[in-house]
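Next, two complexes with subunit A in common: one pairs it with subunit B, the other with subunit C.
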Partner chain A sequence: MRGFLPVLAVLAAILALWVAAVAPMNARQALDVAEREGAAVTPAESRTRFETPVLTLMLRNSGEIWRGYGLERPRLPTPWQVGQELWATTGEMALEGRAFSKRSLIYHAWITLQSTFWGFALGTVVGIAGAIGIVYSRTMELSVMPWAIISQTIPIVALAPMIIVLSSQLGIEERGVPKAVISAYLCFFPVLVGMVKGLRSPTAEQLDLLRTYSASGMASFLKLRLPASLPYLFTSLKIGIAAALVGTIVGELPTGAISGLGARILIGDQFGTPLAIWSALAAAAILAGVLVTLLGWAQAVTLRRMGGGR
Partner chain B sequence: MTDEPAIEARDLSLTFETGDGPVHALKDVTLSIGKGDFVSFIGPSGCGKTTFLRCVAALEEPTGGTLTVNGMSPDEARRARAYGYVFQAAGLYPWRTIAGNVRLPLEIMGFSRAEMEERIERVLDLVDLQGFGRKYPWQLSGGMQQRASIARALAFDADILLMDEPFGALDEIVRDRLNEELLSLWSRTGKTIGFVTHSIPEAVYLSTRIVVMSPRPGRITDVIESPLPRERPLDIRDSREFIEVAHRVREGLRAGHGDVL
Partner chain C sequence: MILWGAILFWLAAWAVNAALARSRYRDTRAVRLLAPVLFGLTILVLWQGLVRGLNVSPVILPAPTDVAQRIASDSGVLWEDFSQTVLKGALSGYLIGASAAVLTAIAIDRSTFLTRGLLPVGNFVAALPIVGIAPILVNWFGFDWHSKAAVVVVMVFFPILVNTVQGLSEAGAMQKDLMRTYAASYWQTLWKLRLPAAMPFLFNGFKIATTLALIGAIVAEYFGSPTRGMGFRISTGVGRLSIDLVWAEIAVAALTGSVAYGLVALAERRVTFWHPSQRKT
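This part shows the complex of A and B:
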């Protein structure tokens, strides 16, 4: 319980900053609405206002700023507007029994979650396998490690369309496959780096001890390197699953997909509905939070079973 | 005591090639350790005492001379489980209980489940850790952890125990206690013990023979047969014989340093 207070404090600070930012972000729109409703606005003309700095506008029309907090299509929606939209597209629809309707964020989050899981699984397997290879083979360390690092310097948005084109060229119909591949592409790296560090964490003395038992390579892997790497693995997995989610959402942007949180963001952008974008973003953030928390629990349980307490 | 020595080295040399030229970690070391002996190796850093022990354990490959352990090559001896090794750090696996740590070599060597349990209980008893099997290492003091690591080395019944400054990181009171216990363990089990230390009183108190070494190149400068009886209460350290042996060790160390100082 102690851990909640700092989290809530940071959350409150973010919300306060957000609410404060709504006024300047929506000032011009607010004044347009005020003008239409016959209120006195200075300068009176929309075109002149466009060339006046926002802060000047706010100072001269301080009586009309409040309108920025109740716009229908705000440039920056308020937290409560996002909250309402989020509820309307999740909880409310679930109560009506339409949780998996195509308008529901639950449906879209589910689509995204599936690809995230596949990407996460693939990325984790590739990351662990790569790490084992790197730790045990000097050749692999020299050949694979630089490429693993280079792979992360390529912007994923540049690579994603190529992966999609490639997979359709290969005759893969399923939309989820390229998404999972993109997701795995982002996810494998933290797992690889963490596992290399974890598998190398045993000291020279610990390795020598196993040599005095004439332990086989397999035995020293299973009994020493692998258990020693677990704390590192869990830390990596937490980063990895967040990266997998981001990868999936990025993968949904250029696919022309119509479902998934990424698709919602894109559609919201094209149809000029910022609320849809923001609620999809909020849903993605909540999803990431839940996934990381679940892994945190798995970590706590596993490490406690392994004699944790330190 | 017996015809065949437990460890026999003849003209043993080990040279490391480094960027700054060769380093002679061991040079022409000739030594014979009988079965049941308690032999201490003492000397300043870099004198090769640890390197010698590591050669016996086949953790290092000598570059010259011959070395036999129980009449076999060090490699064969290791496969025949001739020795248990205790490092300076207890090096217990934090994710295993004390019993689990003692079980580690037994698992690797493929003992049956029933035999493992029986042996774990016996060696934990031997190092006075009965009842601590289910504890995790972090729940034990440094001295108890080191006792657990000795139990781990004893678990598979090797007749040689190689100990590399096992009590170096412990405070003096704990160290005295463990020295006493080690002596009683040695007299009960009749093992051959090779013991590396920095401490003159520790070496004199424990050993039947003390090997004094000096660095650059690592070599033996003196081998002292202890006149002390096998039965040694802690206050033997105030006796005349003890002080004489300690004096001779100190002289040997000083002579070895002569070319440097």
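This part shows the complex of A and C:
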């Protein structure tokens, strides 16, 4: 709990900066609204205002700045506007019993969560299988490991539209599949690297001890290498699930998806409703926080069960 | 026929690699280079064999040779896109974001309170899908490369910030005491001890950020760009079914990502030659 206060202070500072930035960002729009409502604005013409610097505008019209905090389509919404929009599309709809209506963020978060989950599962399986192969086969280590590293230097988003086209040509109608593939691609690498480290973490003495017991390869894998790798596995799973979520949202962005948080961002962009974008971003942040916290909790429980926690 | 040839090549290459891995040259540099190259070549040959052998339509998946031809014939277009997306968008954003992150880290480093508060927040933000702000920034900064650079700045900022803050606390108490016995000033300690000690962490952040910068620059182009740029070409190419051009762009993007990563890794080897992970065994 000792680290709580500094974190709160930093968060408060970020919020304060955000609120302060709203005024200059929205100044021009606010003055346009003020002019339409008949308030006296200097310079009176929209054209001339466009050419005056924002700070000059704010100084000359300090009485009208407050309007920037209540715009319907602001360039930069205030934190409470985002909070309101978020509540209106989640909690309020859930209270009305429409939690899974297509306008509700809960529905879109659920779609994103599903793809994230499948991508995470696929990426974890591929990562662990690859790590076992690399630890046990010298050939795999020599030839596959460099490509695993190179694969992460390739911007996967460049491939995203292609993966969608390919999967639809192959007759896969389900929109979740390409998204899951993209998030698995981002997710497998941290798991692979962590597991290679983890499976190699038993010392030579420990391996020798098992050999003196004449343990089979399978037994020494199950009883020594696998348990020893679990702390590493959980650490990489936490990175992996965040990467999987990023992958899903990236997969939803450029592909004309109609549901999911990424699609909300896309639609918000096309219809010029910034509040929808911001609330979808906030929902994605919350989702990421919840997923990582859940995994951290699972890690604590599992490691304590195995006698790791102190 | 072609398909079987490709599969045969695959088996042969795998046998060569397995033999190399068992041979007594297995730790030499040549083998460490040859094995992955063979593996990559195998994938290309298999791809070619599958596409040609099964008569896959080029609209679905072009063969590597088609893509290579396209790269040769449209190199002008590819270069234009490359300079728009990578040189203007990604590179300028990367430089601005990286220097801003390092300077911020040095600035907040003097206060333990701020460091303790910013580290968890920065770690959390680094895990968020920040690409999502691309449409907002395109809206703010316009369609040209400035908005792409802005997206890249935000994306690379937090990983580098977190790594730098961690790296600056890396110098040990003994070393700092030694600097104090030399009557070194804060800036001297920072410049001669703590920044060099932080370099492995900094480079870790720089390496993560190279890929992020490319992703940011390309995704931001999906939300509006002038009629050039890799992201623009990819999103329109898919719609116009010129898939081989899309794959050519992907090849350029992949190559750029790998080369950028390699350059940073090379610089890391030069700068942090003293670190255990860089020592030659």
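Just so it is clear, the second predicted complex is superposed on the first by the 299 of 310 C-alpha atoms of A that agree within 3 Å, B and C clash if a C-alpha of one lies under 4 Å from a C-alpha of the other, contacts with A are read in each partner's own complex, and residues count from 1 in each chain.
We take it that a residue touches a chain if its C-beta (ideal position, glycine included) is under 8 Å from a C-beta of that chain, and two chains touch if they have at least 3 such contacts.
Everything quoted here is computed from the prediction, not taken from an experiment.
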First, second, both or neither for A:75, with subunit B first and subunit C second: second
First (subunit B), second (subunit C), both or neither touched by A:215: first
Residues of subunit A touched, compared between subunit B and subunit C (which is higher): C
Touching residues (chain side subunit B, partner subunit A) in the complex: 57-59, 78-79, 83-85, 87-89, 91, 93-97, 104-105, 107-109, 136-139
Of subunit A, residues touching subunit C in the complex: 3, 5-11, 14, 75, 137-139, 141-147, 150, 152-159, 161-162, 164-166, 169-170, 239, 242, 245-246, 249-250, 253-254, 261-262, 265-266, 268-269, 274, 277-278, 280-281, 284-285, 288-289, 292
Complex interface listing, subunit A residues touching subunit B: 203, 205-206, 208-215, 219, 223-224, 227-228, 230, 306-307, 309-310
Touching residues on subunit C, where the partner in the complex is subunit A: 14, 17-18, 20-22, 26, 31-32, 35-36, 38-40, 59-61, 113-118, 120-121, 124, 127-129, 131-136, 138-140, 210-211, 214-215, 218-219, 222-223, 230-231, 234-235, 238, 243, 246-247, 249-250, 253-254, 257-258, 260-261
